[in-house]
Each structure stands twice: as structure tokens, then as C-alpha cells.
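Two complexes follow with subunit A in common, the first pairing it with subunit B and the second with subunit C.
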Partner chain A sequence: MTKAKKSLVCWALLSPFLLVVLFPYATMLSTSLKQKDEIFTFHRTWLPRELYLGNFAELIFEKGFGRALANSLAISVGATVLSLAVAIPAAYALTRMRVPGKGALTNYLLITQMISPIVLIVGLFRMFAYFGLVNSLLSVIIAHSAFFMAFAVWMLQSYFATIPKDLEEAAWIDGAGRFSAFIRVFLPLCLPGIVVTAIFTFVNSWNEYAMSLTLLRQVTQQTAPVQIAFLTGTLYQIEWHLIMAATLLASVPVAIVFASIQRYLIGGMALGGVK
Partner chain B sequence: MASINLTNIRKQYGAVTIIDDVSIAIEDREFVVLVGPSGCGKSTLLRMIAGLETISAGTIAIDGEVVNDIGPQRRDLAMVFQTYALYPHMTTAQNIGFPLKLRGASQDEIGRSVAEVANTLHLDALLDRQPRALSGGQRQRVAMGRAMVREPRAFLFDEPLSNLDAKLRHHMRIELRQLHKSLGATSIYVTHDQIEAMTMADRIVVMNRGKVEQVGTPLELFDKPANVFVAGFLGSPTINLGNATLAAQDGSATLEFHAGSGPIDLANVPPSPHKEVVAGVRPQHLEVVSPEGVKLTGTVDLVEHTGCETNVILSVGSEKWTVQSRTRQHLTQGENVGLVFDPTNLHLFAADTKERIRW
Partner chain C sequence: MPGIEKTAPRRALSAGRSSKMGLPGPAFALILIAPCLLLSVAVIGYPIFDVIRMSLFDVSRTGVVREFSGLANFAKAFADPVFLQAARQTVIWTVCVVAGTLLVSVPIALILNEDFYGRTIARTIVLLPWAISLAMTAVVWRYVVNGDFGTLNMTLAALGLPFENYPWLADARMAFLIEILIGILVSVPFTVTILLGGLTSIPESLYEASAIDGAASTRSFYYITLPLLWPFMQIALVLNVIYVFNSFPIIWIMTNGGPANRTDILITYVYKQAFAFGKLGNAAAGSMVMFAILLVFAIVYLFLTRAQGAKNDD
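Now for the complex of A and B:
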């Protein structure tokens, strides 16, 4: 089978999945470009009457959705950076150093993942209230990073374990200190694993609802998912044109993050260094 | 360059002793090979010298300075790993230049040194390639280059040729030896391959189960193995060893193999207090003759022609012996033959301690 034929067959087999994946996006895009009265017509069409951007304008200028996106972005980036800053050294220590109680610690990290965040929300609220951090984006950054850190440690740990120890040892003998070998040799090789973890943390934090809702009480501090939920909760009607525009805007940053760093996901960097 | 002294080195993991009271003095500019079966502790010992493993007891001194508590960064040794351990994200040039970069050398300096080393190792055309685009032999050279680029106090080699094919291994063996001659660097080389040990070493250290069995020049070890282990480990094909009884007769000794032989006169061997011995004769020192009137006989199992030599595998009683002959042997399976050897080539070991009986 030629290469072209093979890829054609692959595409044919994958296209049903593609349909499932793209359908929500198509609906979002189509609905968000329609005017309010156009949405519930009897004869549904995919294409809007005209290219109407009024929904986005209303969303951003009247409903303050731009601010919500900015809040979400600040929280997600903050939570990703903070959790990686802790998880990378932690995972390194767990894979490369002798840590007393290593087994217990990794099991503990796993157990924390079994508890639903909802269960902890009242406790978390009280704790942040005690520190005077309610209504501060920092509280959500801390809460998110704490929640996603355990998973990040697990994921990084399993990736770090695949990097041959010989490489660091070679660097030590070449004259590098532990930190220098970590930065110059170990981290570059772990980049794919770190990127995957970063994406995961970012997406989780971006989509998180309950904690953001609880800890940020002011409208000006709402995150995108919280504000979208509030759009559905209007008293007399559900404003689908706005909701669809909002969900489209909320899913775009995630798509951009994925697209821009996916090249790092290609593994095999460690190939060829050791036989 | 440097001398390296290991004194009463011990390594324990809990109750398990990996290295047991090892003392070796390695002189400046010497090429020492640590050889032994896998799991004998030779690699661990090398890693302890490099500073990658802690030492449970004893001292390691480089040029008289005890380095037990000095990290691998500051021992100024270079090591070539079995896996080569090339940095996958760096090119050949960056790999070789890495130790200099860490020492804060200027770009000019690094470029010059890398070019020089690359020239010696014929890597000039490969400087821009990453390790994954190199063949096994080329990777090995890059690893060598990284070790050579700075002038370390000593080179440590951890089975560097074991991933190469036979032909390349032979070639690299010669190159390494020549390199050692031109650099004159103290080198410690770990291998499980006795041919590498015999051909490359100034001195060989034979290790077994964490202990040093014997230290000496290759020929010393081959001609006068200190015990049964060393005798059995060095030499290919393996030495023929058999339990035997030593008896005194008219001021000299006779030897009778348990596997079945008449008393063989050992004219040059004085009577020994040992009665039960392990006797060894190397395959090269045995000769196949007609069985008439010969004390030691066997039946032919297999004849292997390697071109130059012929290996005859025989059953002597219940034991398998090998004879290596440089003349073509036209023997058939099941043929009864006699075996003779010059008693000066006989190795005798005490049956209880397995130590060499000297005479």
C-alpha cells in the first residue's frame, strides 16, 4: 500500500471520531454567529443569515466576559506555574534521591486524588477566609495548584523515571554540580513530559468551576466557566446566542495552548543518547 | 596524571556485601583492567572510584589525597560509560565540549579543543550530528572524545566496547591502547571479556564475588594463576581442570586423575604435602596421541575446525576436556585417543583451598 493510500484509509477510519469531536465546535460557532431570533427557527441551518458578531460584542462589552477570560487566564497560568514549580523538584527527588517514606508519600498523593474537591470546599473557604484571601485570585491559584500538583507529581515522576541516570552521572563526572546537571541535561530531556503536565494542569484549572465559584464572590472576579453558568441562569430565558459565544471564547485559549506546544509532545528526545 | 590507591574498600547494601576488603594500588600512567564475571563488583568498584557510589569502609586516594567525601564533580576523572551516556539533545561538538563549557572555557578555546579531539578520533565530519544520527562505533568515539577533551587525572572505562560488534571491538581495542600510549594517562578499564583484559592491560585485577582473586601482568596471570578461579577465568578455550591425587615416588611426584588415568610421572615436581589436588592443563598444552601406552586417555566427542586451530572436545572419564591443536586433526567421534602434556605446563591447586601449589 502506498503512503498516500494508507493515509487515506486512516482518515476514512478516523473521520467518524472527527465528526464527534468537531460537532460541538461547529454548533458553538454556528449559534454564536446567529442573531437571537434566528436560533429557534423551524428550519435549522448551519450557516447564519449574515456574519453577525454582535453576540461577542454584547458578551464582552455588556456582560464583562473579557474580564472573566482575563481572570481565568491569570488563574490558570498562575496555577500551572506554581504547581510545576513544586512538582518538578518533588518528582525529581522521588525518582532520583533517597527519600524516607517514598512509597507512603506517593500513595498519599494518589489518595488525595480520590477525594472530590466539592467535599473540601467548605473547609477551603474557611481556611482562605482565615487568611483573608477570599475574593482574591491568589486563593484560587493556590487552591488549584494544590489540587493539580499531586497529579503533576505522579505524571512527572513516571516520565522522569524513563530518563537514564547515566546521563546525569556523566554530567557530574564532566564537572557539573547536581543543580547544573539538572538544568543543562535533565530538564531539556524532560521537556515533553513537563509540557504534557503543564497542558493538563492548565486545562484543568481553566475548566474548574466549584472552587472558583466559592472563593471568588464578586462579579468582577468571576472566571469564564462561572460566568457562563450564570448566563444560563437568567431568570426568564436562556440566552443561547451568548452562551455559545462565551463557550467558544472559553475553549479557544485551550486550543491555542494545545496547538502551540504540541510539537514538544513528540517524544523520543532521549533516544540515541544511551544504547 | 595520577596514581590511585584503594585501601580496604568495602561496599555493603544492608547485609549484602558487594565489595569485600579490596586493596589495589594503581600507579601513574598504568593501564589496569578489572575483570571478572558479571556481578563480581567490578563496575561498582569503578563507580566508587568515580564518586558515583558511596564507600562503606576504606579509603580511595588519588595522588595521595583521600577523596572519599569529594563528589564526582571535583575528582577530575573522566569516565566512558557502557551506554556511552551521550547527551541526546546536544550535537557531537556540544557533547565533546560540555566538560570545557562547565569549566567556563571561552568559545574559542572550546572550539579549538573540540576540533583537536575530533581530529584524533576521526569525528571531524560528524560534529553537527546528534547522537541518534550516529552509529554505535561513532557514539563510542564521541564518548571517548568527551573524556579526552580535558586532561583528566585518570580515565575510567566501564565496559566501553561491549555494545560493539566483534570486528569494531577489535579495532577499538587497538585504538584505545594506542591512545593510552600517546596520552600516557592512568586508566582503569572494567570488562568481563578476558581477551580485552589480556590484550590491553599493563596489569589485570581479577575479581570474583567482591574480592580480588589476583593482581598481575596478563602473562603472569595466564602462566601462574593464583587459584582455580583465575585459572578457569583466563584463557580460551577454558583450562581443563580435574580432581587428582598427588603421590610421592622416589623423590619426585606422580599424578593420578580421578576421572581415570594411570599415575603420570611429574619429573620436575618435588613431593608436596598436598595429596588431593585440582590439576589443570590448558587446551594449548595438551597433545593428542595414539592411546597405546599412554596414562591419560579420552574419547573424542566433537572436533571443531576454526581454520587456524582445531578444538577437540573429549570425554575423560565423566569430565569434558578440550585440546587445542595447531595441526589439523582427523579424528572421528568415539575414537579413543591418548593425551600427553609437558609437566612444566601443569597447574596444581590444593583441593581444599583451591589455591595454587607452588614448586
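Now for the complex of A and C:
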């Protein structure tokens, strides 16, 4: 079979699934460019009447969706920074030093990763309430970091292990301290791994729903996913044209970033998953 | 990971060297790990303790922990028909989504492992659902299957099919089925990723050898691909069971457990008990049941990966 023929067969076999994946995107795009009267009518079509961008403007300027995006951004950046700040030293110690109780620690981190925050949401809510952090973005930043950090440690470890030790040792022999060898030699070498881990953490935090829903109880603090879900529940007539515009705004940039790192995930995930 | 094995003897060597340089080895390592451990114990460990405590005590609506009540909260939960119904539905939900995910993912991973034109694009599209918030996926699908204004009925009607105003989410069975299908859709990317990792680890030389021996490609699939892929399928199976069992946004946003609790699963039940009805003791007992089940899955996972790791070391 020639490659061209094989390609045709592969695409044909994949097409039903690809169609289901792309259907919601087509829906988002088509609906967000429509005007209200085009949705609530009997004769609906896929193509909007014109390229109408008013939904996006209304969303940002009148519905306060810009603030939801800003909240999401603040939380995701905060959670990424905090989880990397604790995960990088831990992963470094786990790959480069003798750690007492290493097996137990790795297993503990693995188990925390399997517990859904929602199973503990009552306890989580009470704890943050005790510290007066409910309705503060900080609570979600801390909660996200704690739940996404184990995975960051895991991914970083598999990258750190691929960096040859000789380079750092050479730097020590040249008189550099362990810390400056870490900063000048080690970190630049694992920068790609750190970037992939950071992006993955960012996307996870950006997309998280249940903790943000529970810990932030004021409309002004809602993150993008929470506000979008909130918009479907409050109105008598759900304004789908605005909601689809909102999902498009909140998902396409993240999807593009995620797509850019997907090939790094395929190798790393499998290694981490099996070992 | 092969990298770790290779550095293991050297690690012992450098530990000696670093203590010569005056750096305390294990103590310093623990200092590096401390922030990570502290964050995790405070934010995950303490709530576990708190939920255990609440499940065993009488708790007021406002969350005041009163006297010890033994297993009364558990007895109450198990006597609640909605809890039992949610538990049954959790089993259906988890089994259907996980089985469906594997059935769809294995062929997709096998195709994506072939060399064909546009493979990168196909791979990107397949992984796309992973990049989007489950909450937003649920919102978009809720609109897609909307009876009066949704794009599914619009498309079906345009194709001449009689689904003009069919309300997909009004019937509990149909709603649950749609939620299961969406659950499969969002679980496929992660599963395909794990399986692709497994497929790329199979050395090409094995296939070449079997081709030289005159084996047909179906035979090499049964005798090479499947056995070598099996450990990755096990891992994907257990991780998916854990994730799906825990999955909240799809059901919460699409049907909120309704109509009449017929799409509720344990996690939506627990959430409603706590945040809609203020029955914190009940919610904590439900959480503990889920936590115990999750722990069993987690141990199965550790067991599987350890067995796999031991095999790799041989």
C-alpha cells in the first residue's frame, strides 16, 4: 500500500471521532458570530448572517467577562509559580540526592494525585473558611498548587533524570558551589522540561472548576469556567450566543498553547505512568 | 525510567563528595522537599482528617462539630435511597466510560502510530478535548443537544431526520447516555497519549524480525503489539477508573444529577448534601466511602506500576 493510500485509509478511520471532537468547536464558532434573533428562530443555519463580533464586545464591556478572564489568569499564573517553586527543589532532591523515605514520599504524592478535590471539598472549604480565605483568589491559588504539584514533581523528575550529572560535577570541580551549579548549569539545561511542566500546570489550573466554584462565592471573583457555567443557570432565556463567545475566548488560546506541548507529553506521560 | 538506573551508582559516589564539600546530604535533601510536603499535608492532609472527623461526629448545619456519633452518619447515608441510587449509577458511569474509552482509544492509538500524511494534525485534533475545561465542554455540549436551539437537532433536521425539537436531556436514560459519551470523548486524549507512549517504546526491530520469519501483520499484532501494549492498557485502565469515578463537572453542569436524581453519581450526591442541603455529616460519610474506594484503586495502581518497574529492571 502506498503512503498516500494508507493516509486516506487512516483519515477515513479517524474521521468519525474527529468529527465529534470538532463539532463543539464548529458550534462555538458559528453561534458566537450570530445575533440573538438568529438563534431563537425556527430556520436556523450553521452559517451566521454576517461576521458579527458584537457578542464579544457585549461580553467584555457589559457582562464583565473580562474580569473573569483576569481572575482566571491571576489564579493560573499564581498556581503555576507556587507549584513550580515547591516542585523544582523537591524534584531536584529526589533525582540528585539520597532522600530518606523516598519511596514512601513518592507513593504519598502519587496517592494525593488520585484524590479528587471534590471528595475533600467539605474539609477544604472549612479550612479556608477558618483562615478567612474563602472569597479570596489566594485560597484557589493555594488549593490548585497543592493538587497539581504532585504531577509537576513527577514530570520534572523524569526530565531531571535525563540531564547528565557530569556537567554539574564539572562545575563543582571548577569551584562552583552546589547552588550556583544548580542555577547556572542545571536549570538552563532543564528549561524545556520546566516550561512544559509550567504550561501543563497553567492549563490545569485555568480549566479547574469545582474548587473555584466552591471557594469563590461572589460573582466578581468567578473564574472563566465558573462564570460560563453560571451564565447557563441564571437566566430565564439562556443567552447562548454570549455563552458560546465566552467559551471560545476562554478555550481557544489555551488549546493552542496546549497543542504546542502535546508531543512532549506523549513521551513523558508514558514514562511517568509506568514507573 | 532508564535514566535513574544509570545514575544510581554515581549518586552514592557524589553523596560522599558533597559531604566532603560540607553540604549535609540527607538533611539538605529534606529541606528541599519540605515546602512541597508541607503544602501537600496542609491542603490535602488536613481536609482528609477533617472529613474523617466530621463523618464520625454529629455536625450542625453551620459546621459545628458536636458529639461523637460513631457510624450514625454512615448508617444514615446507606439508608438514603438517593445515596444507593447514586452509588449504582456511579458503577454504571465508571464502567461504561472507562470501557468505552479503551475501546475507542486502542484503535485510535494504533492508527496514530502509523506513518501517514497529516499525522501531526490528526494527533493534535484527537488530543484537543484534553485542553479544554470539562466545565466548558459540558456547557457547549449542553447547548449542542439543546432540543429547541441546539446545533445537533439543527444538523439532524437539515439531513431530513425527524429530530426537529427532540429534548435530549429531558429523559434521564438518554441524558445519562449522552453524559457517558461525553465522558468517553474527554477521556480518550489522555488514554491515547499513554498508549502512544507504549507503542513508540516497542522496538521496530521486533516487527522486522517477525516479518523476516514470514509472520503476517495480524500475527505480529497479536504476538508483539498486544502483549507489549498490555501493561500500558492496565495503567490507562486504572487511572481512568480513578479520574472518571471522581469526575464532577460534566454531570453537574449538564443535568445537575436530574431529572429526579437519575443521573446523580456519588460525587454530585456528596456535593449536594454539603452545599445545597447543609447535611455536612452525611456529605462527610459519603466522602469517606469514596475516599476508601479511591484508596483501593490507588493501591492497585501502585501495585501495577511496581510490578511493571520490577519487570523492567530484570
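Keep in mind that, in the parts below, the second predicted complex is superposed on the first by the 216 of 275 C-alpha atoms of A that agree within 3 Å, B and C clash if a C-alpha of one lies under 4 Å from a C-alpha of the other, contacts with A are read in each partner's own complex, and residues count from 1 in each chain.
Just so we're on the same page, contacts are C-beta pairs under 8 Å (C-beta built on N, C-alpha and C of every residue); 3 or more make two chains touch, one makes a residue touch a chain.
The structure displayed is predicted, hence computed values, not measured ones.
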Partner chain(s) touched by A:Gln35 [first = subunit B, second = subunit C, both, neither]: neither
Which superposed partner A:Thr220 touches (first subunit B, second subunit C, both, neither): neither
First, second, both or neither for A:Leu124, with subunit B first and subunit C second: second
Touched partner set for A:Leu189, first subunit B, second subunit C, both or neither: first
Which of subunit B and subunit C A:Ala176 touches, first, second, both or neither: first
Touching partner for A:Ile111 - first (subunit B), second (subunit C), both, neither: second
Greater subunit A contact set [subunit C / subunit B]: C
Touched partner set for A:Ala250, first subunit B, second subunit C, both or neither: second
Common interface positions of subunit A, toward subunit B and toward subunit C: 169, 172, 177, 269-271, 273-275
Subunit A - residues contacting subunit B, complex: 164, 166-167, 169-177, 180, 185, 188-189, 269-275
Complex interface listing, subunit A residues touching subunit C: 3-4, 6-7, 10-11, 13-14, 17-18, 20-28, 30-31, 39-40, 44-46, 82, 85-87, 89-90, 92-100, 105, 107-112, 114-116, 118-127, 129, 142-143, 145-147, 149-150, 153, 158, 161-162, 165, 169, 172, 177-178, 203, 206-210, 214, 224-226, 228-229, 232, 240, 243-244, 247, 250-251, 254-255, 257-259, 262-263, 265-267, 269-271, 273-275
Subunit A partner contacts - residues on subunit B that touch it in the complex: 50-52, 71-73, 75, 77-79, 81, 83-89, 98-99, 102-103, 130-134, 136, 139, 146, 150, 163
Complex interface listing, subunit C residues touching subunit A: 1, 3-4, 7, 10-12, 14-15, 17-18, 21, 23, 25-26, 28-30, 32-33, 35-37, 39-40, 42-44, 46-51, 54, 63, 104, 107-108, 111-112, 114-119, 122-144, 146, 149, 151-152, 154-155, 185, 188, 190, 193-194, 196-198, 200-201, 231-232, 235-236, 239, 242, 246-249, 252-253, 267, 270-271, 274-275, 280, 283-284, 287, 290-291, 294-295, 297-298, 301-302, 305, 308-309, 312
